[in-house]
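Two complexes, one shared chain (chain A), two partners (chain B, chain C).
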Partner chain A sequence: MSGQVLCAVKMAPFSAPVRLPPQPDTRQQEMSRQLKDALESVIVLEKFPKSQIDVYVTVIEDDGSLLGACITAAGLALCHANIDVYDLVVGASVLFRGDVLYLDPRREEEEVSDNNQLTIGMIPKHAGGQIALMVQRSGQVAPQCLSECLNAAVDLCNRLHSLAQKTLLVHLQETLAHSSSSSSSP
Partner chain B sequence: MADISLSEAEKRYIVDGVKLGIRVDGRERLDYRQLEIETGLVSTANGSARVRLGCTDVLITVKMEMEPPPPQQPKDGQIHFFVNCSANAAPEFEGRGGEDLATSLSAMLDRLYSSPLSLDTSRLCVVPGKHVKVLYVDVEILECGGNLFDTVSLGVKAALWATRMPRIYITGEDGGELEFMVSDNPQEVDRVDVSNAPILITHLRITENLTVIDPTPEEECCGPVQVVVGVTPKGLITTTQQLGAGTFAPQTLSASLKVIAFYYHPHHAHTFWECSSLFTLVAASGQFSSKT
Partner chain C sequence: MTSLQVWRTFEPDSYYKTFLEHSKRPDGRGLSNFRPINIKVGTVTTAEGSATVRLGHTTVMCGIKAEIATPTLRHPDEGFIVPNVELYPCCSPMFKAGPPGEKAIGLSQFLKNVITSAEVLLPSDLCIAPNKFAWCLYCDVVCLNYDGNLYDASLIALMAALQNVLLPEVSYDEESEKATVSPERTLPLKLKRRPVSSTFTMYSDSIQLVDPTAEDEEQGSGEVTVVLLEDGSLCTIHKPGGHSIVSDFLDKFINLARKRVKLVNSAICKALAERKV
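Moving on, here comes the complex of A and B:
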């Protein structure tokens, strides 16, 4: 039996302009489930038989593109925890209103009604780029337009991926430098 | 979803068949199974529908209540979805087993109907800021035979179409409280306009770059990942969600989205299982069962 993933996205009561109740509401449950779906297809679960990987995300402040940010954060945390993944997973969000695309929208932009939002989670370097999660909500849009948005989101993911890689690399260099200096001093 | 275990050889048989363009039950990749819709079954509800798609069986009821609206939307009625996965449908739904599926189904329906373009909730208003109509849509899963999302969305649309709400008259005011009279004339009813209400279409990724629609439980075993697309009669996409552990190539996703647009195009409508004809059927008769 391969490993299992448990995800919990929790929004702090002060993370939004309106105070949120401490119990997770349907939106948080839905995000937890979506994150779980994404991570299950990213983690090499065969390497973790009879075990469970718990991923807890606490949102301190929500300024838009929340699900995308959660995915990126979870991906980086998995790498930091030395858990085998097929590739570093990154999430990105695109908002589209009329003909205008908003990459990585802010909260105010999200709140305007009559807009469409597309969030994807992606492993860009695995098998030529694979989408682990795709969520689009509210509004009505022609399929061609949605394909365009998908391409834009994929581009954004590719850019985020190199950034995320750099972050990991810097972190690694810092820890290496730190450990070598601390071991040489005594 | 359903508790089926297939051997590698059986899976291979299904997947190789799809690669050749034919499925185990003789359908092509983009064919639906036989579909039956029946409306007006439950007399205690304002509207009800039962949908059978292959072995999948769902019962949907709509009840209307009058409630004060939330302060941020004083003029809009509301629609709430509750899904109950009966333990009769699958043994694993016993106790709290079906809860995950139920929440994802109701969240999907919430999103499907969240846009005012899908369902005009302002028409459910009785007295702005004081009383609005709230529609409670209860979904009962009776049997799980694959493709639950599509079946439920069809049922919800049919049940909303069949919903008849008694007309409400404001007769007077007494100390700031409004008095209502509910018409008991069966002819005097309000209907819900579902002409723009979307339905869901599920694409199951069966192998690299190949998707099938309306998967059977056996096919769902072969491919863990599916993309559910909400689409209106005009061919516009309202919501999309990828479900299950697995990944799609971006090209496959784009192709799945375009297929939906293609089949919804008026010139190609006859080649599809006549989604559009289903919409007319739902709009044309009260009680029917349609063969596709």
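Moving on, here comes the complex of A and C:
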């Protein structure tokens, strides 16, 4: 039996313009589910038999592209926790309204009606780039339009991935420098 | 793993006790030293007032959301202040997902008691129109990282966030019975008192530790929280069970706490001033 993933996205009551009740609403449950689906395909679950990996995400402030940010945060935390993954997973969101493409939309942009939002979670360096999660919500979209959105989102993910990788590397260097200096002093 | 880590993992009690015998704690502090406080206000833009407080590794965030509500029949000219503490599983393996646990409920109640008994804010100041409209302040405290002493950290965060609140001006028209909110004109809250808490862990009859970390809390047997007002007068003593203490020690605690009140309040003022610049 390979490992299992448990995901819970919690939004702080003050994270939205209108106060959220402490009980999880459908949106939080939906995001938890989507995050779980994405992480299950990214973590090397065969390496964790008979075990469960709990991933808890706390949202402090929602200013759009929330699911994408959750995926990126979870991916970085998994790497920080030394859990085997196929690649560092990053998430990005694009919005399509009329002929305009909004990369990484803000909350005000998301709230406007008649728009399409596409959120993807992907592992850009595994097998030439693989998409782990793709969610299209609110509204209709033509297939050509969708592929254009997808290309933009993939491009965004690639940029995010290099940034996330750099962040991990800097953190590692700092930790190594810190541990070598603290072990040599006493 | 170094031998020190092995000792800590397998014999946590003797490891900890050895430190105490030398009047030190595993993080290098003396028994009556507080951890450094780091305060930032206005950290969340979706809240009317917010603050992030770090006590060593303990990190809490307080966000205040204001809503217009109808006053109760019993108190038609009073608004509401509702403190609520959320301890998510993110911050420590001690906490589980689901409905708030004992600790979170106890902490929420403690904050509520301190605010009402210290008269931090008069509920009548939150009234817009008697019997019709009043402000309801939801003060949500979220723990981001748990390393002991949540009482102090949440009260500091709550007080800093309250001082950061800007409420839009509301005018009430009696004829049409309608309230108009003007978001461009904002007013700060009128705070009357600034309570500061100091927490101590009881380890044995003769050993007490201030500002406990999670490890101190685990090793000790119960906490005492002393809440003082800015003029040094005593507001609340919270001792939910635990080891018994002699009254002399309590006097010593109160003297230590008195010094801390000025320190904490000036730290909050400094953080607020930094925000305004």
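A few comments on the model shown:
Convention: the second predicted complex is superposed on the first by the 186 of 186 C-alpha atoms of A that agree within 3 Å, B and C clash if a C-alpha of one lies under 4 Å from a C-alpha of the other, contacts with A are read in each partner's own complex, and residues count from 1 in each chain.
What we mean here is this: a contact is a pair of C-beta atoms (placed from the backbone, for glycine too) under 8 Å apart; a residue touches a chain by one contact, two chains touch by 3 or more.
These numbers were taken from a predicted model, which means no experiment stands behind them.
In the superposition on chain A, A:Ala132 contacts chain B only, with no contact to chain C. With both structures placed on the common chain, the touch criterion links A:Thr58 to chain C but leaves chain B unconnected. Ranking chain B and chain C by residues of chain A touched puts B first. In the superposed model, A:Ser15 makes contact with chain C only, not with chain B. Using the contact criterion defined above for the overlaid structures, shared-chain residue A:Leu150 touches chain B, although it does not reach chain C. Touch criterion not met for A:Ser179: it reaches neither chain B nor chain C. Taken together, the chain C residues at the contact with chain A in this complex read 44-47, 50, 61, 63-65, 67, 84, 86, 88-90, 97, 100, 138, 140, 142, 144. Considering their complex, residues 100, 103-104, 106-107, 110-111, 114-118, 225, 227, 232, 234-250, 253-254, 257-258, 260-261 of chain B touch chain A.
Chain A meets chain B in the complex at residues 26, 29-30, 33-34, 37, 40-41, 113-114, 118, 123, 126-144, 146-147, 150-151, 154.
Within the complex, the chain A residues that touch chain C are 8, 10, 12-17, 19, 22, 54, 56-58, 60-63.
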